[in-house]
Structures are given as C-alpha cells and as structure tokens.
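In the two assemblies presented below, subunit A is common to both, partnered first by subunit B and then by subunit C.
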Partner chain A sequence: MASSANKNINAKLVLLGDVGAGKSSLVLRFVKGQFVEFQESTIGAAFFSQTVAVNDATVKFEIWDTAGQERYHSLAPMYYRGAAAAIIVYDITNQASFDRAKKWVQELQAQGNPNMVMALAGNKADMLDGRAVAPEDAQTYAQENGLFFLETSAKTAANVNEIFYEIAKRLPRLQQTPNPSGMVLVDRPTERANSASCCS
Partner chain B sequence: MDEEYDVIVLGTGLKECILSGLLSVDGLKVLHMDRNDYYGGESTSLNLIQLWKRFRGSDKPPAQLGASRDYNVDMIPKYIMANGALVRVLIHTDVTKYLSFKAVDGSFVYNKGKIHKVPATDMEALKSPLMGIFEKRRARKFFIYVQDYKENDPKTHEGMNLTRVTTKELIAKYGLDDNTVDFIGHALALHRDDNYLNEPALDTVKRMKLYAESLARFAGGSPYIYPLYGLGELPQAFARLSAVYGGTYMLNKPECKVEFDEEGKVCGVTSEGETAKSKKVVCDPSYLPNKVRKVGKVARAIAIMSHPIPNTNDSNSAQVILPQKQLGRKSDMYLFCCSYSHNVAPKGKYIAFVSTEAETDNPQSELKPGIDLLGPVDEIFFETYDRFEPVNEPALDNCFISTSYDATTHFESTVDDVLNMYTLITGKVLDLNVDLSAASAAEE
Partner chain C sequence: MYGGSGVQGKRDMAMEYEAQIPVLRPSIHSRRANMMVKFQDLYEFTVEGNVDDVNVLNEVREKVRHQGKVWWALEADKGANWYLESFVPSTLLKSSLKFSTLVNAITLKKLIRKGIPPNLRPKVWFSLSGAAKKKSTVPDSYYNDLISAVEHKVTPATKQIDHDLPRTFPGHPWLDTPEGHASLRRVLVGYSFRDSDVGYCQGLNYVAALLLVVMKTEEEAFWMLAVLLENVLVSDCYTTNLSGCHVEQRVFKDLLTKKCPRIAAHLGALEFDVSLVCTEWFLCLFSKSLPSETTLRVWDVLFYEGAKVLFSVALAIFKMNEEELLVTHHVGDVINVIQRSTHYLFDPDELLTVAFEKIGFMITTNISKQRKKQEPAVMAALDQRIRRLNSLNDDEKS
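And now, the complex of A and B:
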C-alpha cells in the first residue's frame, strides 16, 4: 500500500505476465540499466527498490517480481497484498502472451486493491518483424479496462523509465495508510525508545 | 515436471514451506507441490466464504459479518514469541521483508475461575493479584534469580547445577505454593503438562527468560507478535523465499503419489501421470499415511464475536492459558483472540479460538470451560483433527515427515520439529545465531 509523508511515497509494485514476456528484463533495465539477451528465469533476487522523482513527489517503488511462481499458476495471494501498482507485461511477438495478460488483469481486479494503478506493457517492441499483437488492439483493451498502455523494449530501453514514471505520476497523492500499519522485523539495532513501534 | 530434483516437498504447510525455503537457499533443486489450490495446507487462513464452505457446507455467510475478504481465519492459530525460534528463522532467512507484524496486546492465565495478566518480572509479580502478600515476595526472589541467571556464569547459579537439580527442587528452595508453580510452569515456561517438574530446571529457567526477554522486546502487553493478515502469510512468505532461490511451485496437483524403489527408498513423486524424480521427499503426514501413526486429537472451537474476550482489558489480541490443573484435565486449554487490529477481521469483529488436546470421546463438551469465558458469540464452529507423527526411519526410506501441529498457541514446538527435520535432511545444524539482542523492529 502506498503511504505518503512529505510527498515521499512508498509504493509496492508487482509485475505480472507470461513466462518469457520480459518482466525481469524490464525491472533490470529500470533498476540497473542492464539488459541480458538470454535472461535466466528469475533466481536469487526478486525484490528491488528504485526511486523516481516526479513533479510533486518522490516515489520509492518496492518492486516484486514473480520469482517464477506464475509458471504453474502458483502465485500466492500475498503477492497482490497491498500492491499500489501493477505492470502487466506481454510480448508483442506472441499473441498467447497477450491473451494471458488479459487473464492477469482479471486476477488483479479480483484480488488486488481497487485503487491500484495498472499499466499494460507490450514488451519486445524492438522486434517489429515478429509483431503479432497490434498496438491498437492493446490500446483499446487497456482503455476499456482502466489501464494505461505503452509498448516497451527492455533491450533498447524504449519507454522503460517512462512506464514507471507514468505510474509514479498516477499514484494517488494522499492514500490512506492501511489500518493498522505494522512493523517490519529487521536485523539491526534501533533505539530502544523507538522499538515499541506503533501498536496503539 | 519430468525432471530430477534434489528434494520434492509435498504440502505447503508452514513447516514444509520453511524447509523448502531453507533447502533452496542451500542451493538444492526443490520441487514443491500441494494437492490444494491454495498455500498453507492445514496452516492456511480462510476468508469467510472458505470458512462457511468448510464448516457449513455450501451456506452463504450472513451479510452482517461483513466482507468475506476482510477475514483471515487461521486454521492453526498460534502466536510468535518475539525472541523465539521462529523469529530467529525469519531473520536468518530475511523473510521478514515480505511480512508486517504487530505486537499482541495481552497474555493471560486462568486461575481459580478468573483471568489474570501473566506476571513475568519481579516488579509485575509484586503487583499481581494472583498471589498473596508473602507469596509475592517469595515469587519476586525467584524471578530475580531467573532474571540474573546466566548459563555460563557460575556466580549467578547460587550453588545449584540446574542440569541436575529438578524444577521441583529449585522451586522448593523458594517455597512457592502450587498455585504459583502452576502459572509459572504453564503460562510463563509454556509447558503443556506437569512432567517438567521432575526434569532438570535449566529448561524451565531458559523458557522463563525467553518469555521475559520477549515481553521486554516490543514493550507490548505480551511477549508475542503476530503477522498482519494472519498466519497464512507465513507459509506464503517462505514459499516465496524458496521460489526466489529457484524452487519450483505447483499447486492444485492431485494425488502426489510417492514412488519407492525395490529397497523401499524414495525415487520420485507421481501426479497426473508424470513422475518427478528425487531421492528425498519432505511432506506432511497426509501425503504418507502409511508411515505415520495417530498420537492424539486436537479439539477446537472457532468463534466470531463482536467484542474482545471478557476480562482481558479489552485486548484486541490476547492469549489466555488455562492450566490443566485449574480445569482438572491432563492437558492445558488455550484461548486465542485476534481481530481487525491485525487485519484478520473487519472493524469491530473478533476471532476467538478455544483449543486443547482431546481427552474424551466428547471433545466438544471438553471445550466448554474455555467457551464459557468468551461471552456471547455471533457464530461458532467446532472441529477436531487427528495429530500424527512419523514412524518411519528416514535413514532407510529418505522420507522426512513433519509432525502434526499441536494445540499450543505458540510456535516453539513447531520450529523445533523443523530444525530437527532440517538436520536429518541435510546432516547440518542450522545456525540460528542471529543477533537477536540487537535485532529490533522498524516501523513500516
């Protein structure tokens, strides 16, 4: 859930989409500016954070990758819990991945927070020769379902920063903090006086 | 799934998910399957519709209870000791980043027909109405001894070797009466029966220290913490850890038949006509019913209420331990209450559990003393479940089977089982020496 204080907004962002659509590649491009042609299936790191400054606020995204649990439809409800934004990714060269993206949107509408900002990303936009999904179709679908749509390329970086920036702009500025906010256990010392946390 | 794995884990209960996570982090190739289409197995949390499906057939829950999705009703309700073994595992694995916790408001004990706050320190002992004026002073001295006791500092031992002296002998030295011994043994040291009295006192002293240190940790009204949205979040978080380290997840896999070679050793698991190969299987008792035996039965009631448990200082979350002796039973009874303050029910609603080890053929009536403490309820459900423990020899068949969850309202015994299984599976001892004294909580 996004929460704001002095226009610093923390927002959990989840990625959804078919295996191979390029979810991890988009994140790696956005967070580290890297692209690997043959990205292995996600292993070892599935939790990134990256800060984006927009006009009136600084948004710190906590980005959750699926860690491969989408492969056999075994994504846990915890994944959606408290997400303020989602990017649903498909591969423009693969019609089936677009059909699956629509299923993920339905899943989000059922499980997610109703105020969630949803973006539809037609990835691999550099591979125009293999195009199987017309941008008009995706645009129409996105409009009908309350998403915004961009074609992206993790390889060339086209529209990658833009899609996160656009989400940051669209996040509600004054979201209610979830009731109640909890504490996160950490392995480091904090002041005793502060450690009582927020259990009022 | 027609591949070879180092370990196949069956069932996504908390124990199996912790093991799956630990083994994946160790670099083992793990396949984790569950016959259900949800995470958590027996230790899942249910929303209202799922709850009604399970206990009331196809009935629809009454509208006045609020939205189904606002409910996360634990099927194995337990609290987490703030300095206990599960917190060490959570910090060791860094799974804490997927979870938010909140302190539990109150810890109580039932004594002579009344509910009392559990006194955990010498100062609290002096204030507690549980004891008369002279007993308070004796108890205070004993509490100070326990607080000051350091295993590796003989000066604090006052000449007693607690690995030999029994708890009974230690307590006799302080002249405490049976009533005091009862709440110390059951509500502070969290023993489930009275066998501890004849065992070396060191274990009880350590358990009392754990309680007091956990209580001090978050300055709440209890030594316990609990995750927002219910315990069902825990297996999901450990499953995510496993997946992040390469574990493969498949829910909704029917059958999951464990295959054996001629020597009786595990060689794989078959589901939907496909066999995944593996030389080791980790599972809950339901996946290998021929290798476990029934060791008991837990009786419990789940109530939805519009008020906290009476006489618990309006605690939005609380535990009440009813020591066996107070009820004339062989095993303790536990009350557990949780509410909207931990996001497990809508505003104004409380979920209460009464659980105990069943001792008769009429377990529902055994729960009555606990249920009577709840006051009026909106809805109440009764259930019993059998507890199993493995009878196989893992060295011979490479099957590592967890023990069913007990009736206690905390996780200490759960984590013991997990750590023992981890050692059996890997031959290693998990080093849980995280710096707990330094570890603390940050606000989200």
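And now, the complex of A and C:
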C-alpha cells in the first residue's frame, strides 16, 4: 500500500430504515445536494452512485436506497447481499423508527458481510422540538454494537456528507491510509444522469 | 361522454389535449446538441429530454391521432361496441364461434397491440378488462357506500396512504392538487378495506394514480384497480411479504436465461441480480420507469392479454440494450444502461415491437406452470428468513 497512485474502490452501500425516516432524502442530499419536502416514495429500491475522495483514494459508492414499508423487508437481502457498508436510518422524532433500526442492525449482524461498515443515522436532527430519541441512547447503542453514530439532517445538510465520508474512511481497504484531511466530492452526475430517477 | 362523477374539472383538459396542446417546436436555442428541455407529455407529466426526445414525442402524438382515426372508422363500420362482441373468453371453444367473431378477435388483438387512443381508453379498458362485469355484480351504490363507510377510519393502511399522497407523481398538474390527493386517497383507502389482505402496499399509489389520470372518473379507476389485483395479476403480488412478486421474479429470471442467454450469462458473471431493476417494474407495472404513454401502451395489452405481457416487456427492455449491456463491467453500469433506456423510451412502438416480435411467444399456460414450480421455493425462502429473524429476537430476550 506504499504506492501513492490513486486507488479506485467500488463500494456497495445500502440504506435501511423505517418508512419516512428520510433515507431517500439523505441520498438526494448527498448525491445531488438537494432537499425536497415530498420525495417520491421508493418502490423496491432506488440506485445512485457518488464518488468520494479520501486522500489518494477514491471511493465510488453504489448506493441502494431501499423501500421502508414493512412488507418490502422481504426484498432487503437482495440489496444488502455483498454490501461493504450500510447506513441504518431512524427519525429522531419517532421512537418506533429507532426500534426498527435496531432490528435492522440485528439482521445485518446475522446475515450481512462480517466486515460491513455500519453507520447509525439519527435523521431529522433539525426538528429538535419533536425529539423522541435521546442522542445519548443512540450513541450507547451504537458503541455496544460496533456502529458509528451521527445525527443528520437531510434538510439542513448537517452531517450528511460527513457520514458518507466517515464510511469511506472506515472501509477495510482504505484502513491503512494516513490521517485523511478534508473531503472533495467529485464526479457530479451529468444533467442527463441527474434526471434519471424522475417520474415517468 | 364519460362524465358522471364529481372528479371532473381540470382533467377534461387532458381529454382534449389533441386540440389544446400545440405541437412542441423546440426553439432555436435548444437545438444545440444535448440541450435538455422540460416539456409535458400526453398525460401532462413533466418530462425532461433533448430535442430528439421532443421530436419523438411529437411523432407519437401524430401516431396516436392516426390510431384514433382507425378506431373511429372501425366503430363506424362494425358498430360502436364491436370489440365487446369480439372478446373471446378463454373458456369458450373456438370452434363454436362464428367466423366473423374470430376475425374481429384477431383484428382486435392486433389493434390493441398498436395502441388504444387515449380518448377511447377508459371505455375500452373498462369493458375488456372485466371491470365492467365486476362492477355489475354488486349494487350500483357499492363504491359510494364503501367510501362513506370508511371515510373517517384510521388504520395502518390509511396512515401510510396519507403519507404517500404528496409523494405520488409530485408536480403533476392534477394529481398533485388537493382534489387529486383526495381522489387518490378515496380509491386507495376504499380498496384497502375491500381487500384487507392487500390493505395498502406502496407501489399501488402509482398504479392507482395513473388509472385515475386515464379513466377520469374515480369510481371506474377503483374498479380497474380491483380487476387488476383480483383477476389480471397473479395473486399475492402486494400482500404481506410480496410472495407473488418473488414468484414472478424467479419466473422472469428463468425466462431471461432462455430468451436472452448472452445477457443472462454476462449479468450472472457480474453477479447482477436482475430483480434489482425488475422489482419496481412488476410492482408499479412500469409506471415509475417508463414515460406515461409507453406505460399505458403496455397496460392496453396487459388488460387484454394478461400478466404475461409484463414478462415480454421486461425481456424487451433487456433485449433492446443487449449490445450495451454486454460491455458493462459493474453493477452500476448495468443499472445506468437500463434506467437511461427506460426513462427516455418515448416511442412505445420501439419497445412493443421488440416485446411482441423479437422475444417470441409467451404462452400463458407455460407461465402458470413455471409459477407453480417456483412457489414452494419462494415460500420456503421467505419462511426461513422469518424464522431466522425470530430466533434473533429470542436470543435477545433470553
């Protein structure tokens, strides 16, 4: 790993979490830098890609944004199979979504890739008035289960790029790179690719 | 002509689109290569495309107008409801039919594959799909009674529906209005009580919304949804663990291996599971993936020939992109090829010609056999997953 040449890594990443927790909004914020109040409901899963540069390496995330409704969970294995990373999303104003997040963690621990990098995202962090899940609880849970935890807001963009960047840094194949400094987003999708997930 | 219910208004405009929406001529400025423009399609969905796409859509409008003339000429020749008499139920012995009926049936099948004109769609769909028959078996007031009986009820299904209303084709000039949301809500909530096994499944919001846009009356859209879920599609596509959908996916994978072996082998080597892209197609019946008129041309055939059409169309999408797919190296590239292709498929004939002429016959009884064959495996896999998850929960408790 002494070579300073660019390393290009493809990493499959899956987002899991309760319906309405804001999975698609997080992805939209990360991939396109946008936020819309009413994001089209996801059926099955939606696919996006985005590249992050970490020091001398670039990580191309292949992101699977899955549908949240309970009955869609039977499809989930198809999306997390072979994933290098997962973001489990809950809504900080909804305790039930936190409970659901824990179940996803359990399922991934039992079925997923043992080296999978897992992040817990407490989304909608801008809605402090409605908070139902204390950050300390989530932090404790994350620590006990080997996840890293961040509260995010797809609306204000808080911690959104950070969570993806943190994942990129923790990917096993990047582990030996020295202290990363700063993040650059490259490879913005073209106009045409941007509209690829529009409705018909 | 199709009036009656209280959900008219703005949608009447869509009916007269031929007269009202001028043929779009891209301005000089947008002629530069790859310049993207936004425009409205035949059903008022805003789409984005380049100048070529605009031209294709204009040609499609022209073809639709031509098909309209063909249909009207046939009505004038054979009588207003000629296609009802041409409908040959599969239970009937073909030998017992009059020759003229058979001729009409063949004409009708061909004609439907070429497309039902948008202004005739509500009437033709309603009769040929079996929705009219379904409606006639219950009292006239069924829909209104159902809707008023469930109006104020709150269930997990209604909560999910309310959550999804503004997230269903946001930006459509009728669907994304309070009136449109209310109409879609009544259809979905009504159906969730009609069949509590289905209740509400995400995906149905897109299907019901497009049915509303086509049928123009809420009650007819409701019956179309009912006939679709109860008669046209395989059962359990949308129930608890989507088992019907899992079965369809497995049948589709076998068909792909058989009909497009090179693609199947290449995707297999990339460890690309075709369900990654197909699941949405089968659950939303392409409404979220293809442009509206292309989707509706698929539905024209779906309502007449049955659910096997979904396989033909899905295979055609892969087949059309064969050369490009064979040079992909990553899962992401495969998805991009497929999504770019479906998103800009403004010419329905481009797709349907491949689906019906290049893929080869799809026989319903064979498909049914394949489904029967796959069912036990799907059930076993789903059961196994549930048992595994339950045992995790038990571990936690102990």
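Convention: the second predicted complex is superposed on the first by the 156 of 200 C-alpha atoms of A that agree within 3 Å, B and C clash if a C-alpha of one lies under 4 Å from a C-alpha of the other, contacts with A are read in each partner's own complex, and residues count from 1 in each chain.
The working rule: contacts are C-beta pairs under 8 Å (C-beta built on N, C-alpha and C of every residue); 3 or more make two chains touch, one makes a residue touch a chain.
Because the structure is a prediction, the values reported are computed rather than measured.
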Which of subunit B and subunit C A:A67 touches, first, second, both or neither: both
Which of subunit B and subunit C A:N55 touches, first, second, both or neither: neither
Touched partner set for A:G20, first subunit B, second subunit C, both or neither: second
Partner chain(s) touched by A:K12 [first = subunit B, second = subunit C, both, neither]: second
First (subunit B), second (subunit C), both or neither touched by A:E107: second
Those residues of subunit A which subunit B touches in one complex and subunit C touches in the other: 42-45, 47, 67, 69, 71-74, 77-79, 81, 195-199
Contact set on subunit B toward subunit A in their complex: 38-39, 87, 90-91, 94, 96-103, 105, 217-220, 225, 227-229, 233, 236-237, 239-240, 243-246, 248-252, 340-341, 343, 434-435, 438-444
Subunit C-touching residues of subunit A, taken from the complex the two chains share: 10, 12, 19-20, 36-45, 47, 49, 60, 62, 64, 67, 69, 71-75, 77-79, 81-82, 103, 106-107, 110-111, 191-193, 195-200
Touch list for subunit C against partner subunit A, complex: 34, 36, 45, 47-48, 160, 163-164, 166-171, 201-203, 205-206, 238-243, 246, 271, 273, 275-276, 279-280, 283-284, 286-292, 294-295, 330-332, 335-336, 339-340, 343, 382, 385, 388-389, 392-393, 396
In the complex, subunit A residues that touch subunit B: 3, 42-47, 67-69, 71-74, 76-79, 81, 178-190, 194-199
